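Both of the next two complexes hold chain A, though its partner changes from chain B to chain C.
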Partner chain A sequence: MDVVSSQQKLRKYGDLTMRLGYYLKVFGQMAKLALATILEYRVDAVVRSFYMFAYISGTLLLINTVFTQTNFLGGFDYNEIMLMYASMMVMWALMETFFFDGFKYFVLYDIRNGDFDKTLIKPVNPLFLLSISKFRIESALIGVVMMCVFLYYASLNLSSITFVSAVIYLGFFILGIYIHYRVFTCYASLAFFMTKASQALRTLQSASDQCFYPTIIYPWPVGLVFFTLLPIALAAYVPVSFLLNRGSFLLLGGTLLVAIGSTLLSSYLWKMGLQQYSSASS
Partner chain B sequence: MPQSSRTPIISIQGLKKYFKVYRKEPGLWGSIKSLWHREYEEVKAVDDISFDIYPGEVVGFIGQNGAGKTTTLKVLSGLLYPSEGQVSVLGYNPWDRKPEFQKQFALVMGQKNQLWWDLPAMETFLLNKAIYEIPTAQFGKTLDKLVDLLDVRDILNIQVRKLSLGQRMKCELIAALLHNPKVLFLDEPTIGLDVVMQKVLRDFIKQYNKEFGATIILTSHYMDDVKELCERAIIIDKGHKIFDGRLQSIIDKYARNKILSLVFGEKVSSKELAKYGQVKELGEDGTALTATLLVPRKHAAKTAAKILEKFPVQDVNIEEPPIEAIIREVFQTKNN
Partner chain C sequence: MRLIRYSALISFVMFLWLAVKKENPDLSLDISQIITYYVAAAIMYGLSNYHLDYVESDIRLGYISKFMLKPLSPHLYYMGVEAATAFFDICVRVFFLIPLVWLLGYAYHPSFLQVLLAVAFLPIIFYTTFTLYFSLSLLGFWFIQVDSIRMSALFLIRFTSGMMIPIIFFPEWFQKLLYYSPAPHFAFTPIRLLQGELSLTLGLHALGILSIWAIIITLLQKWMWYQASRNYESTGI
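Here is the complex of A and B:
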């Protein structure tokens, strides 16, 4: 009996590894195609990168302006706020590189034109395929630059960082990406039910501009929105708070609750949306 | 083998697919009114259709625009959930969308494409290789065969956006067939193509069916596609099935006339000819006169004999009317 059950476990483990290998292979192939497409339009990629760097410079200018008036924001000094900003931008760059455009195109075009058909008939998870259908490799460049900025400000805050807090930070960072993916899925699922779902995605993206500051500086209803409906706080404030050993059980519990809530809600909305999908006339 | 003794590969029983749409009154007031009050109505895209399709069959799905052809294909391929009814394709419930099922069929829509627009078609083929988990050896072999059959080796590495419509359609077919699907749904695959390219694709589909034994459902507005490829046709109108059988039996059932094409040695009176049938055309062709007559099917041979006796006929030909005309007749009969 034990032999049989351990064999079953092995087979299950083997299947899981194979599925992971399969998804990585598809992911790799999609990345190759995306890179090849970007190389077809080199000038576009360069212009977009320039625009993004200009945008980041503007935000940095704003932070510096704020800190000419005060030394602390929500109990965090300039170096710590910069750490939060860099952390958020690394997460943003990762999402932008791998799945934001996929969701955006899905919401804007795929559902209304019925182009989702070609994704839905493929023998692969359609949510996975659509989310990685548009890579923006140039955003990865931003990610690398912001990672350097993050490491620089982390080195300035070394006195507050321990090995354990760094590991916890990493865990929250990954959880933050997961929650964002789930929240994006919720917003994208709205496209099955309404034609202007793109507004919701745009709101999510533009709200991120305001959310690298500590949630504590906002009135509590706004903070709650940044934590739940637009969980940008999870990209910057929460992980960095834990990195600087200033995390709390409230933040931990809240993050886990949002993770569970977003998983359940996105699964439900996506499933309902697929049932609702009516394609488009040919 | 008689169909009844085989297991159908596709089975549809009482399929219904209704869509809810709302009617908006025209103008600005209609738009404002629709903010608080919307009148919804149910559109019956497919209404109680049943049929079985057997392995290796090539079935033509015929109907006017909006008859429910594409909706049926979308339900069969699992894109849409039916409102009611039982559907089984390859033993699967299509809308469960199981990968094992999805690896065994392909859907090609003439008006939509899966090829990556900015890259050569070969890149999409490689992506499909990864998605469908096609072993490298099998991929190479199938690709070689399809490329040869469709004669597209020269264009495989040219960006899709630079290909002609016909070349693109050929590459679409290859992308859809790389995993050797057992069932193939073709939704107007020849739409917009010139007659030469239509013929090339028809020959390919015929060859593919022969070589791989694939079951094919084809919708097309070009009756040549249906005539050349399908032995069996299913006609649907406004969501209802109105005919299911051999293409020849549509002709037998609905064609009331045959066409008599005549070439005369000297001029003949159209009044005299009209006694034998409905004169459709009368004209001069070189030195001889030609005429086309519609005569009742049952008496076509007798009428021809009488005309041969009475007129200086040099040549005579008895033909079935074009299938397009017969199908038109079917729809008119049903609508009346």
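Here is the complex of A and C:
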């Protein structure tokens, strides 16, 4: 009995490893394709990153203007706010590099013109495939720049950072990406039922640059929005609070609750959407 | 969704400045001024915020050819489409947001002439920003990724027009520099007129500056269309 059970376990783990290997291979192929496109249209890639730098300049102008009028915001000084900004930008750069555009194109085009059919017939999880279908390699450049900014401001706040807080920060950072992925899935699933679902994704993208400040400065209903519908707090305020040893059990519990809630809701909405989809007619 | 989205974005910035006011009670704007400022900004947002991807797409796919055959200006045609949306946006926002300000216990205190002058700004703001973005979209005759250039201009305008940051918080030298550019007259000047805090003389001067920019940008757009139509082969780019 034990032997059969161990054999089953072995097969199961073998399958899992094979599947993981398969998915990594698909991911690698898609990345290779994106890189080949970038190398083919190099000028376009450079021009595409212009607007990101324009937006960063605008946001830096806003932060610096705010700090000409005050020394603290929600109990955080300029260096700590810059740390939050850099953390949020690194997370967004990663998400834009790997999966944000996949969701955006799905909502804007694939679901409307029926291209999603092609995804459905492929032997890969359709959600995984659509999310990695559009890499934006040039965003990685922004990520590298913002990572340097993050390290610089982290060095200025070194007295508040410990090794343990840095590890906890990393955990929250990864959890933040996971929650964003789940929230994107929820918004993408809305495209099965309505035509303007892209507005939700765009709102999240635009709001992230202006709402990364400590959530406590906002009225509580707005703060709640930044933890759930637009989880910007989980990209900046929450991880950086833990990095600076200012985290609380409330933030920890809230984040875990949002992670569980977003997982359940996104799975439910995605399944509902797939059942509703009837090839180019959603 | 679009109406809610842009109003929400502006309101987030409003909450940021309200938090700054809480930290620094000596801030030169009081709570009432911050709220009325950003409500007016939310109303006017639709006048300078366009995504003309479809123009670039028409150029790329060759659909722009119809304007070479018909006695129809592409500039005026596309502007008509956007004008309808912008007019609808402004009406809906005025309908909902002005009573909201009143319900919150705040109010605007302009004179009749200040309101009239602020209203006179609106069509010129719409015309100038649309023509500017349209001119940038015409770069689609030469390049593919034009949307990045257009979006860069949009972000620049968003942050220097006073939509996000009231111009009075900028350093003196930067305010003077901006005054002769069209940017602050896309939002800051008409909003301050509506708040009754800008004199008619300064308002008229700003309107003059904006009108001169409108003429310059129109000439630029006409020159670009002329250059583009000389090279165009009606088969898409």
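FYI, the second predicted complex is superposed on the first by the 273 of 282 C-alpha atoms of A that agree within 3 Å, B and C clash if a C-alpha of one lies under 4 Å from a C-alpha of the other, contacts with A are read in each partner's own complex, and residues count from 1 in each chain.
Following the convention adopted for this analysis, a contact is a pair of C-beta atoms (placed from the backbone, for glycine too) under 8 Å apart; a residue touches a chain by one contact, two chains touch by 3 or more.
Fair warning: this is a prediction, and the values are worked out from it, not measured in the lab.
Student: Looking at the overlay, does A:41 come into contact with chain B only (first), chain C only (second), both, or neither?
Tutor: both
Student: For A:124 in the superposed arrangement: first (chain B), second (chain C), both or neither?
Tutor: Only chain B; A:124 stays clear of chain C.
Student: Could you say whether A:69 touches chain B, chain C, both of them, or neither, answering first, second, both or neither?
Tutor: second
Student: Looking at chain A, does chain B or chain C touch a larger number of its residues?
Tutor: Here the partner covering more residues of chain A is C.
Student: If we overlay the two complexes on their shared chain A, which of chain B and chain C does A:51 touch? Say first, second, both or neither.
Tutor: Only chain C is touched by A:51; chain B is not.
Student: Regarding the shared-chain residue A:219, is it in contact with chain B (first), chain C (second), both, or neither?
Tutor: Touch partner of A:219: chain C, not chain B.
Student: With both complexes superposed on chain A, which partner does A:199 reach: first (chain B), second (chain C), both or neither?
Tutor: After superposition on chain A, A:199 lies in contact with chain C alone.
Student: Just checking: does A:159 make contact with chain B only, chain C only, both, or neither of them? Give me first, second, both or neither.
Tutor: Neither: A:159 stays clear of chain B and chain C.
Student: Given the touch rule stated above, what does A:277 touch, chain B (first), chain C (second), both, or neither?
Tutor: It touches chain B, and chain C stays clear.
Student: Where on chain A do the contacts with chain B and the contacts with chain C coincide?
Tutor: Of chain A, residues 41 contact chain B in one complex and chain C in the other.
Student: Taking the complex as given, what residues does chain B use to touch chain A?
Tutor: 19, 70, 74, 77-81, 97, 99-100, 102-103, 107, 109-114, 116, 118-119, 123-124, 126-127, 130-133, 159, 187-188
Student: Show me the residue ranges of chain A that touch chain C in the complex, using the header's touch definition.
Tutor: 41, 43-44, 47-51, 54-55, 57-59, 61-62, 65-66, 68-74, 196, 199-200, 202-203, 206-207, 210-211, 213, 217-219, 222
Student: Flag every residue of chain A that touches chain B in the complex, lowest number first.
Tutor: Spelled out, the residues of chain A in touch with chain B are 22, 25-26, 28-30, 32-33, 36-37, 40-41, 114-115, 117-118, 120-124, 126, 129, 275, 277-279, 281-282.
Student: Hey, which residues of chain C end up touching chain A in the complex?
Tutor: Residue positions touching the partner: 1-2, 5, 8-9, 12-13, 15-17, 19-20, 22-24, 27, 143-145, 147-149, 151-152, 155-156, 158-159, 164-165, 169-170.
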